[in-house]
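Look for chain A in each of the two complexes below; its partner is chain B in the first and chain C in the second.
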Partner chain A sequence: MARVKGGVSSRLSRMLEELQAGLEDGLVPAWIFNDPELFELEKEKIFSRSWVYLAHESEIPNPGDYVLRYVLDNPYILVRGEDGVVRALLDMCRHRGMRVCRAELGNASHFRCPFHGWTYRNDGRLIGVPAEREAFGPDFDKGQWGLVPIPRLESFDGMIFGNLDPEAPSLEEWLGDIRWYLELVTKRSPMGLEVLGPPQRWVVNTDWKLALETFLSDSYHTLMTHRSLIELGIAPKDAKYAMYGEQVHIPGKGHGSMVVGAPPGAKLPPFWGYPEEMLERARTSYPTREQFETARETRILLVTLFPNFSFHNPIRKPDHKYQGTVPMLTFRVWHPLGPGRIEIFSWALVEKDAPAWFKEKTRLSYLRFFGSSGTFEQDDTEIWSHVAHNAASTQGRHLRFNYRMGLNLAPDPNWPGPGVAYGLNFTDANMRNFHRRYLEMLLA
Partner chain B sequence: MLTLTNEFTTVLVEKIQTRNGERLRISAPRMGYSVELDPLELEALTWQPVETFSRLLSTPFGPDEEGVEARPLSDLILFGGEHD
Partner chain C sequence: MERTQALLNCLYQEAELLDEGRYREWLGLLAEDVRYQVPVRVTKERGPEGGVSGVMEGMCHLDEDYTSLEMRVARLETGFAWAEDPPSRLRHFVTNVRIGEPKPTPLGEEAEVRSNLLIFRSRWDRPDYTLLAAERRDVWRQVDGGWRLARRTVILDSATLPTHNLSFFF
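And now, the complex of A and B:
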């Protein structure tokens, strides 16, 4: 029996009990993918307590650089102060709540409210109040009225996360063993990563969990959703190519990864097809030999952090004429806007010390496949929107989805990394683990 | 040549001449499959129940390769990877 504390209707309470009752048997009710009341609970119990990815350090390398980022409907100015420190400041004037920064990115030493002119330094301090003495008197203490920082801000290998809960566990604890898989990308080069421009953003009528699941666990969909790429000769001929890998999840955390190798007999270069010089650098930049050996056998890597961050790092053949392969890396935030509605933030990234020709090729590879107009992206978003629609339909609300793939698989005892691994990527294990964590937080 | 298209696929149908007779070529250009049926095979199609085609459609990419072994990736890591 689910324990749902205060403020939750008996209707929602019954629905959560249904999710709880079916999960271990691989049954997930369709309604969780589009429900206004559940979304309100997710805002309170999940997104107000979780570490949410905000930005990569390379987006704001210099003093004054800022980008606007969002946790739920809260806009935060993520800005590097003149002192070099990165802060996340709520974009809300302390006087009447107007936005003090309305560009999505820029460089500013100060932010000035267009309503009454209160002006803040880029470290958040209030430094200017028009007619201060006349209007507020001689005792007005500007030190009490700075921009409000996000309750928690921490970073991991250049990835900056924020948390609305001041009591939240540390980012390190939150991530746990998934760090091993994050490092396959963040420590591939001793120089780390850099973004290739600002994120592309687009709105999709779907649920954040649905989009997330695709990157967390659903290698099975490539068979049909991305069939067009197989027909075009861009994806491997074996339509089951994403099956040949390990699916790993971190129990209790909700995180997961898919580490895919080359299909049997496929002549694909090692190490995702990154240039040889990058492979050589990786030999010493990875913290462990196991990570290097895993990276060398990897052709597609996906990592998803609970609740709404994913990255995808596939080997790619840019088009049917190009003889070689060019991998690409995209970071994703599945930003929830409302029930059945998300905004996708999508970045392309590359190793800082990658050769210039490669940076350009990988950027183009990203645009063709996973940019807003990319082929994969078009395929996925069209489908996600219909699933969310059906999830909210009168009949769809009574159905349960089948999450039973791989229910009887035994873990792979030889996997060199942490977490629970399965030697076949056609399984819903990561999704079931995600929903366990999801339920745990909703019921907490 | 006839082209038949619906939301799932496109198929070309054409009568072809061999040295000594005729066949019907049915091809699926996007998948790269093609079959040339003689009148007897075509006749046999006329008494097939829909179940026959359900069975043929059980694999959406054409016949599945037999004997493909999906080895765990861990077999290749630290245990003598093939690196090709």
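And now, the complex of A and C:
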């Protein structure tokens, strides 16, 4: 608490007390979704100490392959060295701070600063300094002036995460029991996943927590936000379709998942509608029988990792006339740009060994329903931006949002997976758990 | 000159339909085998081939055929398409039109038509707006005396889109 007193204004302290006082009663103040002072604290206390998703290893399969990614406003070059090792190097020349990597992706054996020509190998070592002897003398030690690696870099099943805090717990510890749910997609095939191209990127005037909430906990919004797809016969006719299934959260971690099955009586294919051959591979690929059995009954799966990564894996079809279903998988980073402003990084992924026809159809399922133009998602971003606007308004910021859904719901004792599960998705349990963790980190 | 004027009229008529939200009529300008793509654009270094690169193959913002475009239009008609209800005020500015030599194909005479496009977008009562600039690389096909859009590739000038969704057409 000493650091809080030292670094937080009395205004912000009072506001955090308000959040703390209301949370267990399901009350969350609107102001947390768009406040400049709080955003500064989030940068320091959350994003400077959390594991942040950077890239999937399939984006940089070969030596020299790189992509440029961000943690807060820090640009990192995610690059696979000649030794096959993936590194995340701060894209900032050690001499005067210019960017040494000026493309979003590519392949390079070295990065050369355009300012004074300092040149680094793709493992970060400084290898060239123009007029080195004349300029810096005979004792200049290039070994001291390599590109600065991110303090921590670890991966889980091909998902690469970075952390700005050298003292952070391991990624494995950070993830904890959510791994069981992550594995439902990372281990569906023994070959793992691959990206279907670079991410779509776009900017939304909203708060990262509002975007995240939709993917973490909010099955309830599908009734209304996505009603156009129900009207078109694309989403299941039962408007409460997203209610059926389990909502699970990992106490103490902030992570959560929604595992949605089929509405009673609905004729939906098992295993998301993945091709039979993939179902057969999954039978032996999943680490446990419980995961396989769960996957077989799943039609929509969402996992959100604290603080700002989500994936969404729903049953879908490439268009409204298509006979049959083709599921899709999207990975998300809700990248915070400022108070009330985010950039979305959105990837489509598929199992490496999926049949070619399926890869193409799943790409189309993704493009037409999610992402920058998605007929589902475009209504989400419209709504998120208005909520964030109101959350910063002089009167609206004092309102408290109702997070009381499912407050009296008892956990499901029969759920086979880890975490605290509820047998109904119409609950804010995951969100309340997220905010507990959020508050804990802000106050730490 | 007659052909040039006819194709220019197509582009301007199309812009009018899109600006006025007359999407069913707009669908009537499309060939049934239309392919309509907006590839993701990324920042890349200038390659040995020169020019401006970074047009990604594979990943798009939109990758549509007639059926999926019709689906998007039908969605706007449901009364629950919040991204465009109330509708954005859109203005398509079409300039720098370049028309290639028409070529006969089994499906009819086809002409490549390139144009520059600036889309102004304003929503609700807010004074702010977004702008998207692009080049459109089209193929228009002469069918039954009229021209139909058979292919469109939209080369965006933004790597990160400065607008919160693409709920409209280019």
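A few points about this structure:
We adopt the following convention: the second predicted complex is superposed on the first by the 440 of 444 C-alpha atoms of A that agree within 3 Å, B and C clash if a C-alpha of one lies under 4 Å from a C-alpha of the other, contacts with A are read in each partner's own complex, and residues count from 1 in each chain.
Here, contacts are C-beta pairs under 8 Å (C-beta built on N, C-alpha and C of every residue); 3 or more make two chains touch, one makes a residue touch a chain.
Small disclaimer: the values here were computed from a predicted structure and weren't measured.
Applying the stated contact rule after C-alpha superposition, one finds that A:A348 touches chain C and leaves chain B untouched. By the touch criterion stated above, A:Y244 is placed in contact with chain B alone, chain C being left untouched. Of the two partner chains, chain C is the only one that A:E382 touches; chain B does not reach it. Once the two complexes are laid over each other on the shared chain, residue contacts for A:G261 go to chain B alone; chain C is not touched.
In the superposed model, A:L223 lies in contact with chain B only, and not with chain C. After overlaying the two complexes on the shared chain, residue contacts for A:P336 are found with neither chain B nor chain C.
Look at A:P236: by the touch rule set out above, it reaches neither chain B nor chain C. Of the two partners chain B and chain C, more residues of chain A are touched by C.
In the superposition on chain A, A:L105 makes contact with chain C only, while chain B stays out of contact range. In the superposed model, A:G419 lies in contact with neither chain B nor chain C. Shared interface residues of chain A, touching chain B in one complex and chain C in the other, are 224, 227, 231.
If you check the complex, the residues on chain B that touch chain A are 30-31, 60-61, 65, 68-79, 81, 83-84. Within the complex, the chain A residues that touch chain C are 102-106, 196-205, 224-225, 227-229, 231-232, 234, 318-321, 343, 348, 363-364, 367-368, 371-373, 375, 377-379, 381-383, 385. On chain C, the positions that touch chain A within their shared complex are 38, 40, 42-45, 54, 56-65, 67-68, 71-72, 74-75, 78-83, 159-167. The touching residues of chain A, counted against chain B in their complex, run 223-224, 227, 230-231, 238-240, 243-246, 259-262, 264, 267-268, 270, 289-290, 293-294, 296-298, 412, 414-416, 421, 423-424.
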